[in-house]
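For reference, the structures are reproduced in the following blocks.
In the two complexes that follow, chain A is the common piece, with chain B as its partner first and chain C second.
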Partner chain A sequence: MKKLRRTMLFAPANNPKLLFNTPIYEPDCIIFDLEDAIKIDEKDAARNLLAEALKVVDYGNCEVFARINPLRTPTNDKAPFGELDVRTLVPAGLRRMRLPMCETVEHIEELSILLDELEEKHGIEKRSVKIQASLETVLGVENAREIAACSDRITSISFGSEDYTKSLGAVRTKEGSEIFFARTQIVVAAALAGVDAIDTVWADLGDLEGFKKEVRSTINLGFVGKSCVHPSQVKVVHEMMTPSMEEVEKSLKIVKAAKEANIENGGVMQIDGKMIDIPIIAKAQKIVSLAKGAGLIK
Partner chain B sequence: MKGICGNEKASDVLVSVDLSVIGISIEIRSKLKKMFGYSMEKAVRESLDELNIENASVIVEDFGALDFVIKGRTKTAIERAIKNGGGN
Partner chain C sequence: MKSKMLLNKVGREIPSYIEGYKKITLYKGVFEGQIEGRRYAPLKTGSRPGDNKLLYNIKEAIKKSKLKDGMTISFHHHLRNGDYVLNMVMKEIAEMGIKNLTICASSITKAHGPLVDHIKNGVVTGLETSGLRGEIAREITENNILRKPVVFRSHGGRARAIEAGEVIIDIAFIAAPTCDPMGNLNGMEGKSAFGAIGYPIVDVKYAEKVVAITDNLVSFPLNNISISMSDVDYVVQVDEIGDPSKIATGSTRVTKNPLELLIAEKAANILIQSGMIKEGFSFQAGSGGASLAVCKFLRSYMEGNNITGSFAAGGTTAYLVDLMKDGLFKAILDIQTLDSAAVGSLLENQNHIEISASTYANPHNKSCSAHQLDIMVLSATEIDTNFNINSMTGSNGMIMGAIGGAQDTAAGAKLTVVVAPTMRKRIPIIVDKVTNIVTPGETIDILVTERGICINPKRIDLIEILKDKIDLISIGKLKNKIEHLTAKGNKPDYLDNIVGIIEYRDGTVIDIIKQVKI
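Moving on to the complex of A and B:
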């Protein structure tokens, strides 16, 4: 069954309470932040605290990520914290990480080589540590296709709109026309590579209607999930991204009929007077998979 | 020689480490010392052992921290003390 990543809830890694409380909000994924949410002189404390948490806290069904610090500076020099984050957290149990400011295939290759070394050294299953590449610059978005497809460690790519609009010289608006190209580029790249696309955050916590409108566009564009900055956003996204039982039952009927008629790979049939072909069967299969992942059906 | 890590906030702990001493001493300051003092001290000792520290004075001011928080803060305080010129 495919792992759901409808919500990725950020939590600063230097807050002890959030390290054990965040699962109660039941996000599909928790992303403990070592990057922007942590002051420079607290990077060491956050890293060590998260490492100790990973050794003992049971996060249940939540998929745990860390947003590590970048491995490279904007001028491509070695950055001070990223490698230390990886060297500390992987032996402690981290198996998923978001690499911020990812711009080129070389960034992924550099991280992957480091992970090869750590997997070997600590007896961790080879290639089991996975990467989510965060594309948040013009160059990163431009290289989305290559990055998404460059490694079996990539399970998803995510979009960061604030840094992207900064690097583009655009104004970030709620309406979002300035990020439409980047969002579609990322969704297309992810679909081609067979990985998940995760949409950017919505920072205005007071504007629930604006948030819902954005989540609707997240779904319509083809993203499978959204980064969330507050627990209140998790429920909204789950409600909007989880199919209704009516949709699920209809999809189950289509999937079952297609299997019985042996047209899953080609051909057409009729159900309740409507023509059913491969794209409709594929959409029905996706809804069934989503319903299973969300626990609506077994 | 000295390193500090943590916060005076609920669920956190403030750990001070001095590496310029001989032997190990651990002082626990906590409202819950009677109930959890032993496990708090154990968390500190495990952190010292993992980093091969044989000489340290450690003061733990607890604000309701779980053991993993004590370990994370203690390790960082030790690393900061080493960075500040302390050695073992």
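Moving on to the complex of A and C:
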């Protein structure tokens, strides 16, 4: 069964309470932040705290990510904290990380080489540490297709709209027309590479209707998940990204009938007077997979 | 007198004799205490045509009431952190040189800091209250400044003790937001309106003398009478009796804290799954935190299923008033109004009903509203594996809370749910033994936390109903799970001095509080 990544809930890694408590909101993924949310003089403490938490806290069904610091500065010099984050957290148990400000395949390769070394050194299964590439600049979005497909470590690519619009010189709006191109570029790249596309955060916690509207448009575009900045967003996204039982039952019927008629790989059939072909079967299979992941069906 | 240690029903060691306290009766069980004797009655006084009750100032009222060393005076806390009356009266008393008084208050709040000096100076040598916080609480727990135990009673227990004559009030001082010259008064009108005046409705019936202190003197007769002139001896007009903006302390709004909302949502779900949320159900929730937020989640279920509750009770918030206005509850039984937005409802809506502390929760009444409750939602500072609740002391032994109506409503409600986070500041809330027992575990049915839901094993019926609908965990297992994250909390060291006695609502002793060794 495919792992669901409907929600990636951010939590600053320097807050001990959140290291304990974030899983209780039951996001599909937690993303402990070592980057933007942590002041420079707290980077070391946050990293060490997260390393200890990874050793003792049971995160249950949540997939735990760390947003590490970048490995490179904007001028491509070696950045101060990123490598240390990886060297400390992987031996402590971290198996998923978001690489921020990822712009080129070289960024992924550099991180992958580091992970090769750590997996070897600490007896961790080879290639088991996975990467989510965060595309949040014009160059990163431009290279989305190559980045998404460059490594078996890449399981997903995510979009960061704030830095992206800054690098583009665009004005960030709630309506989001300025990021429409980037979003579509990212979902297309993810689909081609067979990885998940995760949408950017919605920061205005007071505007629930705006948030719902954005999540709806995120789903329609083809994103499978949304980065969340507050626990209250998790339930909203889950409700919107989880199919209704009516949809699930209809999809189960299609999948079962397609299998029985042996047309899963080509062909056409009729169910309740409607024509069913490959794309419809594929959509039904996706809904069944989502329903299983969300625990609606076994 | 020689004292030996005795064990009460909840396993607490209680001395057979405590200096400065009545004859000890051990807690034996929720409804096991004997009901004996008659109600107390104060001496009769009469009146004549032309009598003038309106005095110049508080000092004159104290003199006319013949306050003497060693007497007991009472106050109420409806103005909560904005109360001026207790401090004004005590200042006059101290200046008059009267000493050795016992204060019997419905509660002591953060507004009453000056009491520390009155205690240190010997003006006040006895304290009986529902709760204690702030500097006085610290001075009493750490330094035993009172040199005898504070007697803690629930709201129902206080009403019972007054009516039984266990507490004889010599003078009751009433903060009256609106009062006429004969002493007819209410709490719901005037610049310092606080709403229902449920606590002193008891005091005025049993006190030897009653002094109403008002900042809104209106002509006779007042038309909205909560306390009648037939129970009031004197009236004093002052500039201000308090600051009503300090009544609400943030605990009266539905929380935005995601953890509290999560707990509240889980609690609401379990109430729904239990089948108790049905037409005509009655409900009470403590103010603040997750308790009040439970209402928010029940609202949508009630609306969706066309359910109307019979009554909601307790400290009344604007949120509760909105539920009634929207037709989700037929009535509110109000002893204490917790925010100014709810005060107007008491005046305008005949289904918003003011009740006394005795009608609310006195177990020795022929009825009380706490016993009519279907559901009570409580919060707690600690809970032990026998479901005993502490809402009085912190895990460091410091007094910092209150009994309030917890004992009364937990005993009365068909279903009592405790909502609490599993840890506060990384201190575990579920423990082997609570620092002090306030509400006995036999009256607690369900604990709802963010990390698990536990049902008291004595409620086999509830477990049967809920086991297939809700993920349940035993309280012992949940405790171990939390201690894996927090480790066991440290227990405080105590000295031998007893600084507090926690009475159960029937007047038996459920626990004692000892002086903390610093």
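Note that in this section the second predicted complex is superposed on the first by the 298 of 298 C-alpha atoms of A that agree within 3 Å, B and C clash if a C-alpha of one lies under 4 Å from a C-alpha of the other, contacts with A are read in each partner's own complex, and residues count from 1 in each chain.
As a working rule, contacts are C-beta pairs under 8 Å (C-beta built on N, C-alpha and C of every residue); 3 or more make two chains touch, one makes a residue touch a chain.
As the structure is a computational prediction, the values presented were derived from the model and not from experiment.
Novice: Output check: A:Tyr25 vs chain B and chain C. Expected answer is one of first, second, both, neither. What do you get?
Specialist: After superposition on chain A, A:Tyr25 lies in contact with chain C alone.
Novice: Tell me the contact category for A:Pro16 with respect to chain B and chain C: first, second, both or neither.
Specialist: Both chain B and chain C are touched by A:Pro16.
Novice: Would you check which partner chain A:Val57 touches, where first means chain B only, second means chain C only, and both and neither mean what they say?
Specialist: So A:Val57 meets both chain B and chain C here.
Novice: For A:Ile297, select first, second, both or neither according to whether it touches chain B, chain C, the two together, or no partner.
Specialist: After superposing on A, A:Ile297 lies clear of both chain B and chain C.
Novice: Please indicate which partner A:Ala203 is in contact with in the superposed arrangement: first for chain B, second for chain C, both, or neither.
Specialist: Neither partner.
Novice: Taking the superposition on A as described, I'd like to know which of chain B and chain C A:Leu192 touches: first, second, both or neither.
Specialist: neither
Novice: Which partner does A:Ala282 contact after superposing on A: first (chain B), second (chain C), both, neither?
Specialist: In the superposed model, A:Ala282 contacts neither chain B nor chain C.
Novice: As a test of reading the superposition: which chain, chain B or chain C, is in touch with more residues of chain A?
Specialist: B
Novice: What is the contact status of A:His230 with respect to chain B (first) and chain C (second): first, second, both, or neither?
Specialist: It touches chain C, and chain B stays clear.
Novice: Same chain A residues contacting chain B and chain C, which ones?
Specialist: Correct list for chain A: 16-17, 20, 56-57.
Novice: Within their complex, state which residues of chain B touch chain A.
Specialist: 5-6, 10-12, 65-69, 71-73, 75-76, 79-80
Novice: Which of the residues in chain A come into contact with chain B in the complex?
Specialist: Per the touch definition, chain A meets chain B at residues 16-17, 19-20, 44-45, 48-53, 55-57.
Novice: So in the complex, which bits of chain C are touching chain A?
Specialist: 258-259, 261-262, 423, 426, 450-451, 484-485
Novice: Which residues of chain A touch chain C in their complex?
Specialist: For this pair, the touching residues of chain A are 16-17, 20-21, 24-25, 56-57, 230-232.
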